[in-house]
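Next come two complexes built around chain A: one with chain B, the other with chain C.
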Partner chain A sequence: MESEIPITMTYAGQLAGIVGASEETKPVPQGTALTSFLRDTANRHGGRFQELLFDENKQLRRALVISINGEHALDPEALSLTRPCEIFIMTPIAGG
Partner chain B sequence: MRSAAVIALLIALISMGEACKVPVFRYALERWESDAYRAVILYRGADLKSSVEVLAAPLVNAPANLEVELINVADLTEEQKWQIDDVDVVGKIPQLRLHYPHGSNIEAPLWEGPLDTTSVSRVIDSPIRTQLVDAILKGSSTTWILLQCGDASRDAAAETRLRALLDTVTASLTIPEGVVRADEVTAEGTTKDGQPLEMDDVLRTEIPLKIHFPIFTLSRETPAESIFIKMLEHFGGKPDEPVAIPVFGRGRALEGIPASALSKASISGACDYLCGECSCQVKDENPGLDLLLAVDWNAKLEGTSFIVERALPALSGFGVAEPSASQKASSSAESHSPLPKVLVLTLGGILAVTLLGTYLIARR
Partner chain C sequence: MAGEIRLTNQDRSFYEWQLDVPGMGEEGQSKLRNTTALVTRLGGLGGPIAFSLAAAGVGKLILAHGGNLEPSDLNRQILMRHDDLNTPRAQSAAKTLHSFNPHIELETVESHVTADNAHGLVSKADIVFDAAPRFTERFWLNEACVRSNTPMIDAAMYSMEGQVLTIVPGVTPCLACLYPEEPPHWKRRFPVIGAVSAMIGNMAVLEGIKLLTGVGKPSLGEMLYVDTLTMGLRKITISRRSDCHVCQP
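Up next, the complex of A and B:
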């Protein structure tokens, strides 16, 4: 059976406002692609959360700061989640 | 259409190149121009024009990232009036509406009120903004504004927590290897021992390059900062919770981190991005929003700047056969990219040349 690992998301400004909390933890199957995890998270929170993370082509926005355990992920689309960790996201500041 | 596609591909390939070694905070200071805020002044009647111009003069003349527009609403057509919200409220007293830069896509004014000497002075500048600029020009990597909530114990706890986290981060972060001071570059564009280098890795000013994170606390009840506080409110956070806002470069601010999210992961994550290699030199593809500051950055930096010129080498091919910067964040997340970046770049280069050739042939 596929083992699951807890992933903690920490949010700054806009995302924290949308979620209503600055932190949440979810279990995911070990080895889940980071992008896939973020897509699931965005789908769960819907609308504005999705817009902040993904562009109109459903690609992860470039102007995001995503860090894992405090280290900036230079190429988030190339990462998968293999251990419990804390993901921190800062989004561009924008209206819309 | 085809030319646009080819150009887009070329740009994409160029942007896939290796990150420059200059940290983001310093690259932003030396290379990113500030986006302009907009001050729209609405008045009614030609007889007010000269007095409005006198009142608005400090805004117009300030060395700030600010565009000023004076509109006599009495001269507007009905169609033009539709384009301005609440234009009918403009009476005898001229109104000042301050907007974020266009690129923010935030249309509503961040502040609006009567045009007078007080509002004008508070739009342009404020004590804490002066301190921020001073710290940045002295080499602080990033200044942190702790916007307080008014609950003394929560504010103090947040400040203590932020200071402790920043001290921890300061002890662990280092400036990326490979940053070159301009006085280390020869006229030929090499290092003094003859090694080739990328000019993007060269600092342009003598400002000290260091890891340093001062904190500036800001009470929401400070009258002189009232308009600046409104400017910060869009950076996130709730009024009943302290929020830490990082400011770097020429006053570019990232999203605020609420006190409840102050953790090693969040502060390290933000600082690691700011002090890490500038992986994307295009300002608009980086997060943040510029603050309105009355600073002529180019003049301030000019006194400390180096001018380094170098002849461009002859083009010998296309495609950058360099490995990418090592992927970080690998302890908990592993790379699953199926192709090494060098291979992707090489294939991309071949594809670009092929497309370009096809396009040129098709044009004949």
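Up next, the complex of A and C:
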């Protein structure tokens, strides 16, 4: 049987505002691809949240800042969730 | 650094409390005195940046900001003055800075950073503070800094959050490593409380002062992210993109 691991999502400003919380934890099957997890998360929150994460071709936006346990995920497509972790995700900001 | 201006007794009298900061001393102060910093722009972030650089005794500030002062600037652009509404922002900011510290040199540029002027502006500076509200300006500056091997402190905010990225070409990732493309959702107008932008701006100044003087440890390769709703500070280790079109050969 596939074991599940808890994944904590931490959302920065705009995303936290949409979700109504800065953090949520979900169990996922061990080995789930990061993009698949993010796609499920985006589908669950829908609307603006989804738009901020994925482009019109359903590809993860390259300018998102995603970190796993404090490390920038440069190539999210290549990553899988193999152990419990914290995923921090923020949309780019440039206010001056 | 350009020039070898020595500290005068007058300098010592202005900065004596700062000279006491461990690691600063006359050597650190002298480095600041001999530094030229480019600050662009002079809004909610750039204004406090320029103000704190002037307070710290950075010898020369190049102040780049186009356009005239509008009423809606005044909740955060602390170098501007109500009396200067409808006049050039760069001039208003320079007047305030001059009355605050008349012993530093100021150069005003009544323009934002453009693709055409970025390299020229950066070439005159030892360090750049990027506080522009558009990604395109930030990318031009980033590229000019990487090409000329000039450190850049990139500061940005939105509503109640902010970030600071210290970029040292050849040592750290650059802005294009963090943002490999222009985010389509960014809008020129953003929610802002002046205290948030001032806080983020001052964090950027501290990064610059540490880099210039050797005091403490600048956050090289780390993005500082602040959420003022919770007063949370997060450090994210940023990696260089092997395919970065700016900082990779």
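Basically, the second predicted complex is superposed on the first by the 92 of 96 C-alpha atoms of A that agree within 3 Å, B and C clash if a C-alpha of one lies under 4 Å from a C-alpha of the other, contacts with A are read in each partner's own complex, and residues count from 1 in each chain.
The working rule: a contact is a pair of C-beta atoms (placed from the backbone, for glycine too) under 8 Å apart; a residue touches a chain by one contact, two chains touch by 3 or more.
Remember, it's a predicted structure, so these values are computed and weren't measured experimentally.
With the C-alpha superposition on chain A as described, chain C and chain B clash in the combined arrangement.
Using the contact criterion defined above for the overlaid structures, shared-chain residue A:70 touches chain B and also reaches chain C.
By the touch criterion stated above, A:34 is placed in contact with chain B alone, chain C being left untouched. Once chain A of one complex is fitted onto chain A of the other, the partner contacts of A:52 are limited to chain C, with no touch recorded for chain B. Considering which of chain B and chain C touches more of chain A, the answer is B. In the superposition on chain A, A:86 makes contact with chain B only, not with chain C. Looking at the shared chain after the overlay, A:22 reaches both chain B and chain C.
When the shared chain is aligned, chain B comes close enough to touch A:78, but chain C does not. In the superposed pair of complexes, A:13 makes contact with chain B and with chain C alike. Working note: chain C versus chain B after chain A overlay, options 26-34, 62-70 or 98-106, clashing stretch identified as 62-70. Residue overlap on chain A between its contacts with chain B in one complex and with chain C in the other: 12-14, 22, 62-63, 65, 67, 70-72, 74, 88, 90-96. Those residues of chain C lying in contact with chain A across their complex are 41, 43-46, 131-135, 138, 155-163, 178-186, 190, 192, 197, 223, 225, 227, 229-230, 234-239, 241.
The touching residues of chain A, counted against chain C in their complex, run 12-14, 22, 51-52, 55, 61-63, 65, 67, 70-72, 74, 88, 90-96. Interface residues of chain B, counted against chain A in their complex, comprise 19, 100, 104-108, 169, 234-238, 243, 253-258, 260-261, 263-270, 272-273, 276-277, 279-280, 284-289, 324-325, 327-329, 331-337.
Of all the residues in chain A, the ones that touch chain B in their complex are 8, 10-14, 16-17, 21-23, 33-34, 62-75, 78-88, 90-96.
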